[in-house]
Amino acid sequence: MNPAYLLDNLLNPPLLFFLLGAGAALVRSDLEIPQPFPKILSLYLLFAIGFKGGVELSHSGLGGQTLAVLLSAVAMSLVVPCYVFFLLRGRLGAENAAAVAATYGSISAVTFMTAIAFLETKGVPYGGHMVAAMALMESPAIVAGVLLLRMTTRAGSAAPLPAGGATNGIAWNELLRDSFFNGSVFLLTGSLLIGAATGDRGWEAVRPLTDDLFTGVLCLFLLDLGIVATRRLEAIRKAGLPAVAFALVAPPVHAVVAMVLARLLGLDRGDALLLTILAASASYIAVPAAMRLAVPRANPSIYVTMALALTFPFNIVVGIPLYYSIIQWWWS
Amino acid sequence: MDPVKRVEIVTVAVAKPRLLEALERAGVPGYTILRAAEGYGDRGRRMADEVTAVFENMYVLVACSPEQAERVTVAVRPILERFGGICLISDATSIKH
Amino acid sequence: MNPAYLLDNLLNPPLLFFLLGAGAALVRSDLEIPQPFPKILSLYLLFAIGFKGGVELSHSGLGGQTLAVLLSAVAMSLVVPCYVFFLLRGRLGAENAAAVAATYGSISAVTFMTAIAFLETKGVPYGGHMVAAMALMESPAIVAGVLLLRMTTRAGSAAPLPAGGATNGIAWNELLRDSFFNGSVFLLTGSLLIGAATGDRGWEAVRPLTDDLFTGVLCLFLLDLGIVATRRLEAIRKAGLPAVAFALVAPPVHAVVAMVLARLLGLDRGDALLLTILAASASYIAVPAAMRLAVPRANPSIYVTMALALTFPFNIVVGIPLYYSIIQWWWS
Amino acid sequence: MDPVKRVEIVTVAVAKPRLLEALERAGVPGYTILRAAEGYGDRGRRMADEVTAVFENMYVLVACSPEQAERVTVAVRPILERFGGICLISDATSIKH
Amino acid sequence: MDPVKRVEIVTVAVAKPRLLEALERAGVPGYTILRAAEGYGDRGRRMADEVTAVFENMYVLVACSPEQAERVTVAVRPILERFGGICLISDATSIKH
Amino acid sequence: MNPAYLLDNLLNPPLLFFLLGAGAALVRSDLEIPQPFPKILSLYLLFAIGFKGGVELSHSGLGGQTLAVLLSAVAMSLVVPCYVFFLLRGRLGAENAAAVAATYGSISAVTFMTAIAFLETKGVPYGGHMVAAMALMESPAIVAGVLLLRMTTRAGSAAPLPAGGATNGIAWNELLRDSFFNGSVFLLTGSLLIGAATGDRGWEAVRPLTDDLFTGVLCLFLLDLGIVATRRLEAIRKAGLPAVAFALVAPPVHAVVAMVLARLLGLDRGDALLLTILAASASYIAVPAAMRLAVPRANPSIYVTMALALTFPFNIVVGIPLYYSIIQWWWS
């Protein structure tokens, strides 16, 4: 890895605020961002990134390469859960494996945004369709995780019913609502469409909020995530070694797969990094919210801890500069 | 001053729609909900510090007749089994109903 | 109506976010802006619009036309409650009629702001005194509604007493406090005065917050209102047909009256649209807060539902472009 | 370990100043208030999702002597009649008072 | 339907870490916390309107066995003495535990 | 005092919003900034001022004069508690005297920010190291207050133990955590360090949030403080005359001491005003949070009321222009 990138990344305010939050939790400071402000920061970030992506999409349109990227993204979000589920089922149990599968098939919007902030400090361009790719990767992974569980655990077992009333079939209704109409997926997709529809005129109207403030707000959100992720670390012991190992090994592995795809699709460096980070990251917002309802017997101390306390810090501290070094070397 | 049953339920906040439906089925005359509850129980710590409501509980208070309370416990039990939580029943007198 | 305006309006980000919120509520997404953030957004918008109006007032001063506009505005906010009360008393009962009367005599600040955003996308100028007109229309309508009720329901009846302790007179004290010192009226008026007092120097200091962010924040607030208004729609059945009919017919009727006034006063197009929207809109923030205390037996599911779930969407989706089409045609 | 009465009141949040005044008149030694309560009752659903506190409830807990509890119910009744809500009285022991 | 003790504690929000530690020592099976509580008591009014949690209370509900309740009161007493607040114990039945 | 400065100050939006909030509380309006937004505004302000100070420090570096200023600041925050404690112990009791001592040895970040806003409207420059001075003054005063109490009240007495478990020694552990890792101290110091580390590049990224919005957000925060401080005034009677007198006399006295120091150190006018305001102001955020735990028997209705309801309004309404008049006259 090019050490300059690691340093560059380390001198990025968002990352430093993440570390500040981690430090606060470690020394047991009473610093905290009181609820529900973290939720609001996260809604803001989805609103802002969605709108921005939509506006850029309104410039570039949906060309052939764009469609290929979107398809690859969806494909990854469906394939990853399958292999993860069968890999971990024996060790974590079917419910937990399904939740982890959905978690890693899906993406972390904040990791994506941190990567964008990283690209912007280097002046590397990227396309608005990458935001669309992100929006498209959340729901399929959730559906895949739940279906895998339902298909492999037969009726008669105390299998988790996604619905309160459903007897033994899949409550498709609720499953689709929880995956596609999930609050964060809905806001991201909606903002993307509104951005695409209103284009530059809409952008001018909201830019001071969605663009100018973006990095600053990201700092505050990462400060909170630093606190929360570090507090979650204490649950690691309960998650067990296989879970910990997976949470740290999966990101680089998925990253390499995504880079190969990016190379095949002929993406530029910026888009390549973003596709890589989508593959390498794991969801701790949309997926847990859905899993809590669809697979309530899965233990959130396992799948949220993995995504939030291990994979997320790994990606933003080491992953982004590491992946970018590789892309720089490979693409040149 | 009528005697009533106080039913208190604590469970995950995301189960709110299901719980309200169960209370409706039980035919209770009213309920009060307090959100943003933290807690600890068999399923570990819920810190209510997430950016989603995943680790958040809610507290629900229902004042109702003994028969309604009976029906509430029946309707609520599967929810508690799926999502965790507690349901307490105690006695009180009410100056309105 | 000039269909181009309807389309223009439909491509405005604030309106699209309102529709997005409505869609979220319809598909039962769990998307929501957690409390108390909507309250804070509404405080922000009052602070921002009040300050801006005050600064513009510090430029223009209070000329003869300005005073005439302010007087007309107050007059409308007193006359509307009277006719509404007697029109609806038979159908809704005295308490509900009084609350609806105050609701429609008063104004919706958010509708007003959406109209301003509409004017700004078209580059049409408007005067800061219109904000003063808005501030002046909230309280009289509340007082009128309560007085109408008190004067028509005699002692001995179970008439609503505005005060806990008052025996049979009107608790003027509380009534005036609830109408003139109501939180939102107070903040709007206070910001207006501060804006007028500090003028351009004050404006420079707060402009990035109050002006640059305005449209973006309005989007977020309308997203929330879309969710909340749509949820309130289910209460429509209880409100009954007369209420529904009134909520949809009153806005265009009041709008036409205001346009006639605007023409008589010789207002420009921008100011004319704003006066029209003040007349056509109904309050769902300040008035309900006051009515809840002063006329607690009135049913908020009637008056808030009418103002928020019917009149408000009508005005921002159809009303603004419709009224502006008429003004364009009439003024030219 | 003294026996006390637990008085619980749920009513609209906007009535807070009036309720506190009533509690003061009743001479209670203390109270605790939780705001941002949602609820359902005779006057329909209160979703606490408004931009004002119009549809918001509050929950109030008072631990006091039986005589004070008696006075509280008298003082609170007109408020509940005007604004809706419930008042429950139950028994407890207190390790402070 | 098991009989349980309901223990309710109100004290200053800043004492949360100490209180949780005390509950842990008492070995309770779970607890639920509601923050942002206002209140009034011997130490005056706590309006929960500060920019810090200095004037903020929290409400804690514990359902537990009589022995555990006994231990809770012992563990909680010094906290209430230092920081103020109340602890109430009442009876309920639980449909879980 | 130069009356022009008083007027200038009175036409500053932040101060006017403070007065608006005070007015709202006086007429018993229901206007309020709902919790936890005030906490979030305060976190924002610490984040913003810390970052800005850090960036400016990265330009100027730590020269000899800078170090002398920092040392003087710390010295004041240690000396003030000593004399205050012994002065007030007889009248308020040891616990209350210790809390008041810490309160006045420490500083009010919002008063400091209001002074900065005042300097900015006059175009007077100031150095980033003054923010560092502020950050350094919070913790020593807390430690001093607690130590004074512990050293003067002997074992065997019902002396307040900072720790739950400590038997008769000082729970240094908790005391240091509560004073140095206190949420607001931690965020201010952390932001300062991050600002210093990332310098201009970091500044560019967060400037729209931390700088452009600063004055506007300060207005909203002062609106809230106006409400809260005025409500606290009712507790004044309980605080007693000595407390009230001290709260109004101490600020100008401490201010004069600081001016002498500033003159000796050869500070410019801007820095001189800021050092003066640090000395003259009293803490109502960090110190009460720490005292609540370390000296729980001290009565917050005394020390918070003094700092928030008396000293704070005195400083921002009269103090800042008064001190600046004196500095102008003295320095010229």
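Going in written order, the chains are labelled A, B, C, D, E and F, and every chain counts its residues from 1.
By definition in this document, a contact is a pair of C-beta atoms (placed from the backbone, for glycine too) under 8 Å apart; a residue touches a chain by one contact, two chains touch by 3 or more.
On a predicted model such as this, the values are computed, not experimentally measured, just so you know.
Asker: Using the contact definition stated above, find the chains touching both subunit B and subunit C.
Answerer: Both subunit B and subunit C are touched by A, D, going by the contact rule given at the top.
Asker: Using the touch definition up top, find the fewest steps from subunit B to subunit F.
Answerer: 2
Asker: With centres defined as the mean of C-alpha atoms, identify the chain lying farthest from subunit F.
Answerer: Centroid comparison gives B as the farthest chain from subunit F.
Asker: If you average the CA coordinates per chain, which chain's centre is most distant from that of subunit E?
Answerer: C
Asker: Quick check: how many Å separate the C-alpha centres of subunit C and subunit D?
Answerer: The mean C-alpha positions of subunit C and subunit D differ by 33 Å.
Asker: How many angstrom between the C-alpha centroids of subunit E and subunit B?
Answerer: Roughly 19 Å separates the two chain centres.
Asker: Subunit A to subunit E: how many Å between their CA centres?
Answerer: 38
Asker: Which whole number of Å gives the spacing of the CA centres of subunit A and subunit D?
Answerer: 45
Asker: Can you list the subunit F residues in contact with two or more other chains?
Answerer: If we look for residues of subunit F contacting two or more partner chains, we find 30, 32, 35-36, 39, 184, 208, 212-213, 289.
Asker: Two or more other chains in contact with one residue: find those residues in subunit E.
Answerer: In subunit E, 14, 34, 36, 90 touch at least two other chains.
Asker: Considering the complex alone, what residue numbers of subunit A touch subunit C?
Answerer: Residue positions touching the partner: 36, 39-40, 43-44, 47, 51, 177, 181-184, 186-187, 190-191, 194, 197-198, 201-202, 205-210, 212-213, 289.
Asker: Which stretch or stretches of subunit D touch subunit E in the complex?
Answerer: Contact set of subunit D toward subunit E: 1, 4, 6, 20, 29-36, 61, 63, 90-97.
Asker: Which residues of subunit F touch subunit E in their complex?
Answerer: Touching subunit E from subunit F are residues 32, 35-36, 38-39, 41-42, 160, 164, 184, 224-225, 227-228, 231, 235, 238, 284-286, 288-289, 292-293, 296-297, 299-301, 304.
Asker: Using the touch definition up top, name the residues of subunit F that touch subunit C in the complex.
Answerer: My answer: residues 11-13, 16-17, 20, 23-24, 27-35, 37, 117, 121, 208, 212-213, 215-217, 219-220, 223.
Asker: State the interface residues of subunit B toward subunit A in the complex, per the touch definition above.
Answerer: 12, 14-15, 18, 21, 36, 43-44, 47-55, 78-79, 82-83
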